[in-house]
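Below is one structure; the comments refer to it alone.
As written, the chains take the letters A, B, C and D, and residue 1 is the first residue of each chain.
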Amino acid sequence: MNRKTSHRNWKNKLHEIIYEADTPAGKSFDVIILIMILASIILVMLESVSFINDKYASLFNILEWIITIVFTIEYFLRIIAINKPRKYIFSFFGIIDLLSTIPKYLSVLFVGTHALVALRALRLLRVFRILKLARFIGESNNLVKALKASRVKISVFLLAVIIVSIVLGTVMYLIEGSEHGFNSIPKSVYWCIVTLTTVGYGDISPETPLGQFIASIIMVLGYGIIAVPTGIVSAEFAQQSKEKLPLNTQHCSNCNTDNHVDGAKFCFRCGEDLHNE
Amino acid sequence: MNRKTSHRNWKNKLHEIIYEADTPAGKSFDVIILIMILASIILVMLESVSFINDKYASLFNILEWIITIVFTIEYFLRIIAINKPRKYIFSFFGIIDLLSTIPKYLSVLFVGTHALVALRALRLLRVFRILKLARFIGESNNLVKALKASRVKISVFLLAVIIVSIVLGTVMYLIEGSEHGFNSIPKSVYWCIVTLTTVGYGDISPETPLGQFIASIIMVLGYGIIAVPTGIVSAEFAQQSKEKLPLNTQHCSNCNTDNHVDGAKFCFRCGEDLHNE
Amino acid sequence: MNRKTSHRNWKNKLHEIIYEADTPAGKSFDVIILIMILASIILVMLESVSFINDKYASLFNILEWIITIVFTIEYFLRIIAINKPRKYIFSFFGIIDLLSTIPKYLSVLFVGTHALVALRALRLLRVFRILKLARFIGESNNLVKALKASRVKISVFLLAVIIVSIVLGTVMYLIEGSEHGFNSIPKSVYWCIVTLTTVGYGDISPETPLGQFIASIIMVLGYGIIAVPTGIVSAEFAQQSKEKLPLNTQHCSNCNTDNHVDGAKFCFRCGEDLHNE
Amino acid sequence: MNRKTSHRNWKNKLHEIIYEADTPAGKSFDVIILIMILASIILVMLESVSFINDKYASLFNILEWIITIVFTIEYFLRIIAINKPRKYIFSFFGIIDLLSTIPKYLSVLFVGTHALVALRALRLLRVFRILKLARFIGESNNLVKALKASRVKISVFLLAVIIVSIVLGTVMYLIEGSEHGFNSIPKSVYWCIVTLTTVGYGDISPETPLGQFIASIIMVLGYGIIAVPTGIVSAEFAQQSKEKLPLNTQHCSNCNTDNHVDGAKFCFRCGEDLHNE
């Protein structure tokens, strides 16, 4: 699998700029998109504050259009630059990228007030683009690996927490009853999770002596078992610090796989040339 | 101790299906019961939400009957399949399994409204069946072992937490008094546990400067000593990761002991053949 | 230093029973006192609940007298059994033991209602006797040792927490002001500790956008730095598990020193014979 | 680089007293300043409590003047004693030290009530001087080092927490809406941080079943991922305990660098003689 045509060459360059962050051009592209994402999120946030939106509605409208156009261009470039566009279009980020652009265009078509409210809600999905930031964080690989390695143990622990919450929530529903805010089992289970995780809103709190006694047991339990996930992850971190592999941000232009080892010449999944001279 | 009669053979097969999860039939049986348990719990939960129950009461009634009949069949199969039925009947799960079935039958006999309320409460005990899920979690053995190994240390820690809570709760009762919600020592101790475990409902909170000062000390104390159980369990996990033994889900058909080592041919407790060819 | 007179012999026996828990007689004495302490604490607690006290006041009075007399006898036995009684009398537990007995006797002398309220408060000090339970917990030595070894580091951490709380509390006082409940710096510092330790009562909570922003930073900070004491104690536990010495509950009859190594024949502090044949 | 003139000699002495804590004179100076800082902070705190300030306003005024004069003298001594005064003047503590003195002098010039309020606020900045306490804590070096070493990992973790908070906060804004207190995205994000860090004020809490379900997920998530920073810092502490270097509190009289190794004769940054015979 080699470079054949100049068309391929041009596409490879574009792929490098858009999907990788190892060249200066790729870095600049990423930084620009990053700034646009942050700007769009701040915009979405400010628009949701009614008294700010009332004042700067027209300014926000112009900024929305600028961001929408930039995101539209980025979306089409991403489709053009990749060999298998369907893989990108139907990926999580492909869908989010599409949903980030269309609401503003739709707002021209539908002009009723009701439609506008729904579109505003749709625009909020742009917030998910912030997850793209994760790509810029080199160290995050280690965190994610440690969490992945202890995935099974943590799932078991969380399942245990949920089982305990359902059982103790039902017990509290029987003891306290609806006159003290425990008016259904799901709500009691919600209260139990609030207590076990030591959040403790206080929107519902036990009022009978027996209820307060059992609540105390739940709290001490929650306070004690927080040690379990901590112990799991600590052990994982200790083990992980021994084995380390340097990875970079290259994406294969054929199958879009990332996490290639530094210096890798071919994609470890499909064998495509990674264009590292 | 060998297989002697065909009756024994048939019973062994049943035992394998019901009490073990290593054969395809055993797995299917477990999955069906698991789904029924989850369905019954969701049913119990939905019934407790008054506005949902008002709407679908008759549908819920039919589903209750289906679940009750399945659980009844399961209960009798479990008694038949085991050599020493009394061991199962008087075990924790034996009692829970029985209590899961009888309320619906009783509801036919007693038709007064008062009796129905009591029966509904009894039906809620079915939630405890969710604990059977624990069996499906392979990794849970490790968690339970780590917690068991540090049982003494954690008990000491929790006892210390309780002693500190009683002493500081009494102190706060003297300082704040009943006009600020600390109207008895048990309630003050409850407040102290709420604070020490960093739950913090806010249903009772100190209002005098001295009370807030001591509350601050309790909080910082609670924030600091959470490190103790975490340290205990972390140390236990680190040690445990060295020594591991592969266990399976087989139950002895004679004495119902589980946690046999993979490949074991005889029960390690009573010497009964485990029927592994 | 040997046994000389039969008087000395009799005193040694008494010392063994009262101050040590290694002989059957010593164990029985400790268990009786333990039960009396727990009973007296439950009594103090129940008396503080007004509607229970109104009902059983006369019963509680009789039980109070029984407990008081037992504690009085214990107090005098402790003084007689030890060589240097002043060491016991002016120790923390000596003072607590005295304060546990006198309020009931004083209640006979002073019969005004005002005096009774003050005496009831004094009686609550009996709660501190629960700390004697600590002696029965063998494993607590390890916990206490781990905490003592990391004492300096934890103090530094807590000092840092207090400094951060004072600085950020003052900042919040300036931002939020008294109209949102931050009506003095000490109260703002209290709020900051409530937030930093993740307790979060909600009796005071920020209402300005800037205040909520800074509160978010404090929360994330508190959530992050909880790792520090945990890391300290975990490291200490890991190191401690290597070095262990078996200690017993013997007290020297001369100087009342405890924590003697199993099999020790003489007190490691004063050289007194420990009477182990 | 040697001592040349008697002027230089006198200046070195002053530098030793003011900037170092290894000589008796230096220690005394530090202790006096420390007491003054604590006194001034307590004064600022008490003044903020309106009912105390109303009573002792004139006493507080006198004490303010004493503290102001001491701090003024200290400020000028610090400028005189150092070779490059600009380095001190424009450092964080240089600015704080200046801001600690001027408000009282300004209160003589401006006598309007409005100006006084602003000046009182300025005086509160004195609280930042408490950070100077950090210098006295020998062990803090280790804590700071452990936190610095895991800086990148903790930043990544906190960034992840912020991203998750923004995404889930927006989701909750859509679900709950302004009628349940989630009246803008920034406020929803604030609520999400309150929940994720297990603080849980309860000033805003979800009221729709779906909102409570997602809130439960956020809580369990927050309860689980607290393990991550703990694991990071624990690993760091374990590694750090191997490599240790004894440092002292000497400051170079030329460039004000501190953290010199015990017994060092020259500044490791600029080569200036540290005057250790």
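One rule holds for everything that comes next: contacts are C-beta pairs under 8 Å (C-beta built on N, C-alpha and C of every residue); 3 or more make two chains touch, one makes a residue touch a chain.
Because the structure is predicted, anything quoted here is derived from the model rather than measured.
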item	value
Topological distance between chain A and chain D, in contact steps	1
Chain copies touching (chain A, chain B) - same or different residues, decided at half shared	different
Between chain B and its twin chain C, rotation from the CA superposition, multiple of 5 degrees	90
Chain pair equivalent in interface to C-D, over half of contacts matched, among A-C, A-D or B-D	A-D
Greatest separation from chain A - chain, by CA centre	C
For chain A paired with chain B, centre-to-centre distance based on mean C-alpha positions, whole Å	33
Chain centre separation in whole Å, for chain C relative to chain A (CA means)	47
Sequence positions of chain D contacting 2 or more other chains	157, 186, 189, 198-202, 222, 226, 230-232, 234, 238
Chain C residues touching chain B - in the complex, by the definition given at the top	41, 44-45, 48-50, 121, 124, 127-128, 130-131, 133-134, 137, 139-140, 142-143, 146-147, 154, 157-158, 161-162, 186-187, 189-190, 193-194, 196-203, 222, 226, 229-234, 236-238, 241
Chain B contact footprint on chain D (complex, rising order)	198-202, 230, 234
Touching residues on chain C, where the partner in the complex is chain D	152-153, 156-157, 159-160, 163, 166-167, 170, 173-174, 183-186, 189, 195, 198-202, 205, 209, 212-213, 215-216, 219-220, 222-224, 226-228, 230-232, 234-235, 238-239
